[in-house]
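For clarity, chains are labelled A, B, C and D in written order, and residue numbers in each chain start from 1.
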Amino acid sequence: MLLAQVIVGGLLLGAIYALFSSGLTLIWGMMNFINFAHGEFVMLGMYVALLVVVWLGGGPATFGFAAAFALFVLGVIVYASLIRHVMRGPMLAQILSTFGLALLLRYTAFWIFSANFVSLPQVSLSGTLNVGGILMPVPQLVAGVAAIALTLGLHLLLTRTTVGSQLLAVAEDRNAAMLMGIRPDRMQALAWGLAAGSAGIAGALMAVSYPWSPSVGETFGLTAFVVVTLGGFGSVPGAMYAGLIIGLIQALSAYWLGPIYKDIVVYALFAALLWLRPQGLMGKA
Amino acid sequence: MKWSLPALAALLLFYPFILTGPFYWDIGVAFLLAAISASAWNIVGGYAGQVSVGHSMFFGVGAYTPLLFYHLWGLPPVAGVPAGMLVSLALAVAIGMPTFRLQGHYFSMATIAVAELIRIFVGTWDLVGAAIGLQGPAVGRAWWDLTFRSELPYYYIFLAVLAVVLYTTFEVERSRFGYYLRAIKAGERAARSLGVPVRATKLKALMLSAVFTSVAGSLYSIKTGFIDPESGFGILVSVQMVIVAALGGAATLFGPLIGALLLVPLQTATNTWFGGGGSGLTYILYGGIIVLLARFEPGGMHEWWQHVAPRLMRRSHAA
Amino acid sequence: MRTASATMAAALAAAAILMSCPPADAAGTVKIGILWPLTGNAAAAGQASKAAAEVAADIVNNKHPELADLPLAATEGLPNQGGAKLELTFVDHQGNPSLAQQLATRLITQDAVHVLLGAYQSSCSFTATAVAERYGIPFMVGESAALNITGRGFKWVFRSTPIASDYAATYMRFFDDLKKEGKKIASIAVVNENTDYGTSVADSIEVAAKKNNLPVAIRIPYSASSTDVTAQVLQLKEKQPDVVIFISYTSDSILYMKAMKNLDYMPPMVIGDDTGFSDPSFIPAVADIAQGAMNRSAWDIGKPGSTTYKINEMYKAKTGRDLDDTSGRNMQGFLVLADALNRAGSTEPEKIRDALAKTDLKPEQLMMGYNGVKFDATGQNTLASTYLIQLRDKQYQLVWPEKAATTKLDWPMKGWKQ
Amino acid sequence: MLLSAQNISKAFGSFLAVRGADLAVAEGEIIGLIGPNGAGKSTFFNCLAGDTVPTTGRVLFDGIDVTRASAEAHARAGIGRTFQVPATFEDMTVLENVMVGAFLRHHHRGAARETALRIVEMTGLTRQSAQRARSLGTPGRKRLEIARVLATGPRLMLLDEALAGLTPTELQQAIALVRRIHELGITLVIVEHIMEVIMTLAQRVLVFNQGHVIAHGKPREVVANEAVIEAYLGRGHRRRRREAS
């Protein structure tokens, strides 16, 4: 029973990993671009949620959408003002730009909100569900289910809609897409919006059960990198499986080996995979 | 402009007499360390175009071994330097073999992950001090402990190492190896078609880079007299190397030096002016400047100067 | 190549401009250089301590007859130094040991400070104190857990705060008292974050428990950046210890309390080892589910009208929050320094050092609950001690040791069961 | 035979790009490969250059099996190639580009530089030798690619549309250059669209269509071949004529 409990906990966390990594993988797959500020997008999503709850008294649905919307806008702004100009420059300039952006966002949040830890006031989500002896805290359960639903939604958006196929067309071949009458700039701005928006909503979902401060983005960013690399570049389903697997491995190794080993196990697995299947679980060779 | 290289050498040589006092010497040492690390990184990250964001793994190994030798066997820290170089070399081979089969950003991501793995692992390993870290001799037992009261000896030791690294880079740049690195960066497929052994050359570059980075780490820990997982293997250590090199101009001999010359004083100045206030303004400025540079001068200051200098020259001739 | 060196010449010029920052020097002041992490992961603690130090400087520099118990409060400035005021220079070492070293050098050689205070993270205290030792400038460690910051043969380093072994001894005495009352303490569990702080304290507790024949049922080191602690709580649930001691930072402390409620696990008692449990964010986040949780603290706000209460009011006016133990201990370190500076009657380092070595403050002269301040040969305060406090409603109440207690201990804890 | 490719097939997934192609090249020959776009000639070409490992069949160079050898091993053995889309090293100068090739046979910078200078002169790039490759136009880059390969000291050169997109004058110069290379004793395999080039230069021609070699022989004979006219020249010729007019 305890084991089942551990597994459920790991999967619920993994679902969130999946959601906030899918944005990173989208950018990576579409534009071959590493966004080092992705963790900061998650962090900002958390603060948006806080502001909505504290100022407007919003509930989980409200602050989720607010975070998604606010970060969508930020993502588009970042694309239009910065990424568009560096994406075809040297790779180093790309790394520098988003790393600088990460520092800028992190410490702007630091300036505005101070270094203190905050947590979301107890909102309507609380309590614990008992399913056959397995205890599931409602906030985590809702967050986990919502995260999976959103990740799947993003996947469907990419594979089943016109907008999605246009996005993928741009990713595939920019010039060909242009000839087909697609405007790559718009599509890429949209991709950044979607990526940041999904990070924002993931942040809002995390905020329900996790206290944070402005430096939280660094941890999230690193986790997202591992998830994305494990899942395969540009693959949203890959990110989803990898997120769930990593959540599960962390929980199990924390339980069996001790919590300090959980990251070692994840990274060691990552290193092993690098040797055996460098393109990631779902990545193309 | 013929005077500029000797002038520069003289300036670095006499800097401690121009700006005197331990604090300025310490900044000088910090500048040299940043320049050494970034120059070491530049060999693989700049010339070969294999952007490692995990070079802290070599820096950390180099930083740990000297203090470990002291901690375990009471040996002078300097004795651990070659061991660090060897371990870094082995690590470079272990990382390079699988990852150099891949292209593009995979290498960057893989290096981040491996550096993180090592950081977390060292943080739980009691033999190397786990999370608390290791200390060097608080007071030097003899000169060979290299524990000086003044920053001045460190300045000249670091300067000598920088000279070695730069001279090596200079030689590499002119040699077949250097041409091959640049060819690989420009296009692996074309390089291969001309008989360039791509993987072996990349691996060789990583190994050379790793050894120098390891030495930089050793210098750091011997001078600081302390090392812990974060200051040895933290991601900021890696990122600093990338930023310094990119800022000055990657794949150029003096780019990392220029980058360090801009960045270290910038960090010191923003920290001096705004650090005490504690509002985070240091990083807002720092981050902002990096973003602006990447946006408007993606080739680094070196390239910027190449655009600007001729125009300035023309203007001064016209005047 | 030529352009490169010309660029460098230009860059050098820019560098020289950037670095020229002349130190200010005012007459009739005594300068204290303070090194804390004001940005980075430990920024919250550094920022809070900075505010506390500013309050302490206000107490020393201005007349505060209402705080007459504290040395130097009633008077203006340092009477023995002709009323000289304290001037504080804060620097931000960002949690970087090398930067701490450089900044200590700067404070000593550029800003010409007379004494140093710092540096929160043990790693930074290690390197910064070594600089002070080299230059012969007194360094007060207000709060750093690692044992061997003192005891390295340094002459110039003093530490006013209790250290890991003191905390461990405190817990053991507390358990002995409980056993005498007939409460069952058959085994304990130690859960510690795995950096220098958590490791040092947990190691000390394990050693002390062994000496006292108290079984440690399980020790769980973990990383403070964990986003999920389910596994740890389930491990505790399996072992059923009588007391769980958490040596944790902020977010993880809150996560533990929430996870324990979610997994319906409540041991007879939870003791937080300060830090996370003392963070001002802790109580608002978990007050309704962690009733009766205990915390180690040498700080107690006390009753309205008391000296500590007034200090807390000053701090609250400045920051909007209650003073916490970490900042309080840093503030106490500052006040001990001020007292020694006054007695030295001079800004000569040797004289200050001697005055520090002769420090003998009584409990009533302190804002923190130490038994006094008196340094041994290594510079460690031998009278440092701590209270245990317990969460009641939305505030901690002092419950141990009994002679200082304001409220009776509630055993076992209630948690979320009101 | 200097180069002999036997029964080469290459599959990408279920798509067979090359189906059982054979080619034998004697020392000193110039062979032309033609065929419509997507006929499989580029894939076949890549198999010869060691860029792609064929699914079946083998490639012998000077009697040694090089089927699975890497591209760099091909270069070392003496097989040089150019790319359809020029892959010059953009940030390096023209001379440096050629030096990368020259370093294959010369370890020392001085010797490599000497060879490179000689080849730069021979290929008519002397005036641009200090410019970065990115500053050259397409004809210049194609020429630079040839120079670079030449510097590796090849016995066999594989030219992938190295003469496409040139003006008539440039074309004449390029043809002259290929002749000169041939005079040095280097064997050539040329993939080309421009019939004029093939007709003037090639001693034998292979025609590809849908992965098969459909014709093989002297240029004149091949042009007269029914299947070739049907598959390729018929349509291609008319279209090209229209474009020219």
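Following the convention adopted for this analysis, contacts are C-beta pairs under 8 Å (C-beta built on N, C-alpha and C of every residue); 3 or more make two chains touch, one makes a residue touch a chain.
Since we're looking at a predicted model, the values are computed, not measured.
K.L.:
Which number of steps is the smallest that gets you from subunit C over to subunit D via touching chains?
P.N.:
Counted as steps through touching chains, the separation is 2.
K.L.:
Mind having a look at which chain is the central one, using mean CA positions?
P.N.:
B
K.L.:
Most remote chain relative to subunit D, going by C-alpha centroids?
P.N.:
C
K.L.:
Would you mind telling me which chain pair, A-C or A-B, is linked by more contacting C-beta pairs?
P.N.:
Top pair by contacting C-beta pairs is A-B.
K.L.:
Which whole number of Å gives the spacing of the CA centres of subunit A and subunit C?
P.N.:
Roughly 36 Å, centre to centre.
K.L.:
Taking each chain's centre as its mean C-alpha position, how far apart are subunit A and subunit D in Å?
P.N.:
About 48 Å, centre to centre.
K.L.:
Between subunit A and subunit B, what is the gap in Å from one C-alpha centre to the other?
P.N.:
31
K.L.:
With chain centres taken as the means of their Cα atoms, state the distance from subunit B to subunit D in Å.
P.N.:
Comparing mean C-alpha positions, subunit D is 43 Å from subunit B.
K.L.:
Would you pick out the residues of subunit B that each touch at least 2 other chains?
P.N.:
Each of 120, 123-124, 280, 282-283 in subunit B touches at least two other chains.
K.L.:
What positions in subunit C touch 2 or more of the other chains?
P.N.:
In subunit C, residues 39, 43, 46-47, 194, 221, 223 touch at least two other chains, as defined above.
K.L.:
Going through subunit A residue by residue, note those that touch at least 2 other chains and give them in order.
P.N.:
Each of 107, 110, 115, 260, 263 in subunit A touches at least two other chains.
K.L.:
Determine the shape of the graph in which chains are vertices and touching pairs are edges (line, ring, star, complete, other).
P.N.:
Per interface graph, the chains form some other shape.
K.L.:
Any two chains that touch count here, so list every such pair.
P.N.:
Per the contact definition above, the touching pairs are A-B, A-C, B-C, B-D.
K.L.:
Residues of subunit D touching subunit B in their complex?
P.N.:
Counting only subunit D, the residues touching subunit B are 49, 51, 70-72, 74-76, 80-81, 83, 87-92, 96, 99-101, 103-104, 107-109, 112, 148-149, 152.
K.L.:
Using the touch definition from the top, list the residues of subunit A that touch subunit B in their complex.
P.N.:
Interface residues on subunit A, with respect to subunit B: 28, 32, 34, 82, 85-86, 89-97, 99-108, 110-111, 115, 218, 222, 225-226, 228-229, 233, 260-261, 263-264, 267-268, 270-271, 274-275, 278-279.
K.L.:
Going by the contact rule set out above, which residues of subunit C touch subunit B in the complex?
P.N.:
It comes out as residues 1-12, 14-16, 18-19, 21, 38-39, 43, 46-47, 50, 89-92, 94-99, 101-103, 105-106, 108-110, 122-123, 126-127, 130, 133-134, 146, 148, 152-154, 194-196, 198-200, 221, 223.
K.L.:
Mind listing the subunit B positions that touch subunit D in their complex?
P.N.:
By the definition above, subunit B touches subunit D via 174-176, 179-180, 182-183, 185-187, 189-198.
K.L.:
Mind listing the subunit B positions that touch subunit A in their complex?
P.N.:
Answer in residue numbers: 45, 49, 51, 53, 98-99, 101-102, 104-106, 108-110, 112-114, 116-117, 120-121, 123-124, 235, 239, 242-243, 245-247, 250, 279-284, 286-295, 298-300.
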